[in-house]
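Following are the structures in question.
What follows is a pair of complexes built around chain A, which joins chain B in one and chain C in the other.
This part shows the complex of A and B:
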């Protein structure tokens, strides 16, 4: 079987899985609803649960999975480091700090900020993410060692978290609650009105990423090779960072920080497709990210259980072993 | 016979020293006057046992009084410690100085008129009561931070006899406090499920100051009021169904069927929708689950920061699926909240469950208390 044939089989299977999980996520939940209700809900309660509670939640899982996975892939390629990802390089911490400054320093709450507040959350998170990542890039501009760059990223993360800690210590109980709840992360708070902003941003962001697959491939070979190929490295880096900050910042603003999806999924894509070609890796990462995020969401609300588990516990529980497995496997063969 | 003066001297010394213990026992017999006593009727998490010259306090982790967290021996300042308690945790009473790391414990002191013994609180921002706040300023009460961020230097300088605080899987600073010769008294009032049981912890505070009589007077009146009010529910025909709380992040934390809030609602003649549940804490439920159970609930209580009806749908549009929203029957326990978010419902409200109960009766069955004005609750505008 040649590669192209293999890839098309994989992509078909992955797409089918995504659709299957999507439908399952809408059909499964703590309230049991028959599958026949899906197209003609028999009462208002079932309609609301299916179309206004579960559907937006599932779409949010799709956007988050796709967005974070693609961001993770870009970061891993840009830094040539398997541990890179939105969470490791300070984007999430930066976004958190942005929201912390908004909610704590200005002591606003979601209720008092209103719908304008939701947009201000997105802006605060995106600006925070961008600033953190730009700081990492600027500091690591003249550094060739990947590990050093990673350390700088981690330290910027820690710095942002520390400032957050100080802000939390000094703020009132009420605004603290808004921030702490935001920081727990979840897919279920997003409503249709939010998706009106959320869908286009993630869609545009991921589409732009596709146009960068050639540049990402070249970056993998190192800066000197990229230069010899006539690529403006500084500009390319800046663009990739901006897209990543926009996608990860938006996701973090709507859902709070979501752990490990961004780091784990690119590893799964690489080991499944056994390629480093971004023309293949980007769609592969996208699909695996979607499937994994929906599975995590299904696990948080297992049918038959009335209670709900935090999404971040589930993503970490699944994501961390994947990263361990990927790193272990890579070292075993090399 | 050179030694005669010496012999006489020693004889006198011995005679006097023989008298000494006798004299001491007369003093001690003054000391050994019985303490005022109190009986614990509702609390599941502590007990006080009176022996003639000491009090034994047990604090229990579970609500069957089996798993003991701590035992304290309360004994007067100049009384000698009986041998069997040589290695026990001794607290000399009445306390001279105390530090309280939660607002509610300050309310106990205020009720017992002992605020002058308070030398430190965790953070005075969250105290709602103005007279307490003024007293704190007047008595120069310090702020020393909460359980996990105690300022030990400040605390050592104040050197209270006791730090009175809540138990949360232990207290990281316990060893440090013992080193500073300050006794940590860790209490579990927050796990009490009966409203009267929770208010009863004032009796423990009173025992530390030998003020049992005061506490009894307060508690007996409270109890009589509460029991009288809770009998009113027997006269009502229909009980409104009640929903509590809002979604916080992923989960809607609904108080369990045997929780503090559930008991108050039932005692006030409300039909709490999770009555059949046996949990004493809260249940993290999904939004859809709560919607299914409570979409037709008559009354919706305790909704955190919401103040106006507009806040509800601004927070999440989907709250409009509840009848209580459409009928504008959302009542929040935020009538007494200060600018820092300190809510008196969790302050004096815990010590006056009869008033909280009156509020709830007024909400569920206004005709039963026609002249009563809501104290802790306020309808969303």
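This part shows the complex of A and C:
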């Protein structure tokens, strides 16, 4: 079929772009390293910079972009709302709250907990994310209005942030510092030991999502139609919430809340591929999410500056206009 | 009987029973029109038959098996539904929309097999959607969109199809076309089709059987007999208008 040819061209180009950006991101930074040193660094310092600092950071960008984009797609389908996404609907705040409770409970000593600490970090964030999403979905039951659902999401998000604020007020100075730094969002805190958990969770999460593409395609028709076509709505919804909470929660645990990637990327995928089929949209959002996250990371360290810009500022600068465009396009004629 | 209903009570809770002691039946190849004033519970009845609402009492049987005993997938192979709500999916083309109806038959990833593709193609031909096959559903006219919705239900290949006001919002020509299409499907494919409608004249001309819903009850009869019943007069006449049995049209007195 004609479409399949088009899709394979797009997928090839996107994959090539991802590889190109990946290499560029590793080569860029405050210390300039020649491309020829990529596979054979001239000294130990450069080796460390390339393989122990920049490579984990770029891999983190890849995982974050892929994971958040796939979560955003699932949520936009689940809520049938173009503005749904992990950041907008309170998932990121829920994850933050989970982490805040954990961090503040252990008075900032989480860093010293080692491996057990990392796992409890992930669990806290995933549980927080899942609870927030469940709350939004329960409160927005029987509401078909896009904006109302969104307001509920924003309020749940604010509620989580407020509880966080109260907790911070009661916490010690050092745990506050740990938490505030984490809350700014960062790709560079992740080290190889973290990737040991990070990579398999995102990998498994996105693969499971792909196996839900049939259900997601039918969820686009709304609950009544989906039920009449033999889909177990409650069960499917719960599975999707669990997957998105795990993916978005893990990302938030490692990188802090990252804005706009999740909500913006699915729109780019839909308008490029012109399809509603999740078997195409899932890999498409995955690749576009990876490319966009690496580009954002590259921008944070543009040459000429020794300091790194906050990643959230860049993802918002790029993501917000995309969302505005998507909403404008959808409502222009209605 | 393809579908039979025994002492059924419908509604959203025991405190709010909308209709009760309903006894109805539909045979294969039969086209039933469900008529009645607004708010009498036509949609509630269709939703209950479709399994989206639980019966408050009594039972609904498909081929003598209670619908509550079917799994979701089994039921989706027996009964297809066309709802009133529009679908809002972006970039959904007509072919894919109709292919969605194959869901109960496809595997884990929803890959279409040869016989699925044949059924989809046949459905596109029957509904006259060939020229729109690759168009996006949200770019079509209301009448064409409704054909897509009906096409999806046909592709689901069930002995029973329920349609909740399939001709609302359509102009007269589209209304007649859609209704005739449904009649044709009922006869040619020997399917039981139940339509709820407010178009009395069309319903009486096309239906094999009328279900008249009014005041917690349903009267079941042929179109020619139902117009002579007191239930019919009660539902469709007022102080200064009445339904003329000969011309099948309302007359203002």
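Following the convention adopted for this analysis, the second predicted complex is superposed on the first by the 316 of 334 C-alpha atoms of A that agree within 3 Å, B and C clash if a C-alpha of one lies under 4 Å from a C-alpha of the other, contacts with A are read in each partner's own complex, and residues count from 1 in each chain.
One rule holds for everything that comes next: a contact is a pair of C-beta atoms (placed from the backbone, for glycine too) under 8 Å apart; a residue touches a chain by one contact, two chains touch by 3 or more.
Please read all numbers here as calculations on a predicted model, not as lab measurements.
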item: Which of chain B and chain C A:311 touches, first, second, both or neither; value: first
item: Chain B versus chain C as contact partner of A:220, first or second or both or neither; value: second
item: Touched partner set for A:177, first chain B, second chain C, both or neither; value: first
item: Partner with the higher number of touched chain A residues, chain C or chain B; value: B
item: Touching partner for A:276 - first (chain B), second (chain C), both, neither; value: second
item: Touching partner for A:231 - first (chain B), second (chain C), both, neither; value: second
item: Residues of chain A contacting chain B in one complex and chain C in the other; value: none
item: Chain C residues touching chain A - in the complex, by the definition given at the top; value: 47, 50-52, 72-77, 79-81, 83, 85, 87-93, 96, 100-101, 103-104, 106, 108-110, 156
item: Residue ranges of chain B touching chain A (in the complex, touch as defined); value: 125-126, 247-251, 283-289, 291-292, 295, 304-307, 311, 314-318, 321, 339-342
item: Residues of chain A that touch chain B when the two form their complex; value: 29-31, 44-45, 48-49, 52-54, 109-111, 114-115, 117, 172-175, 177-178, 181-182, 184-189, 191-193, 256, 300-301, 306-311
item: Residue numbers on chain A that touch chain C, as the complex places them; value: 80, 82, 211, 213-214, 217-218, 220-222, 224-225, 227-232, 270, 273-277, 279, 330
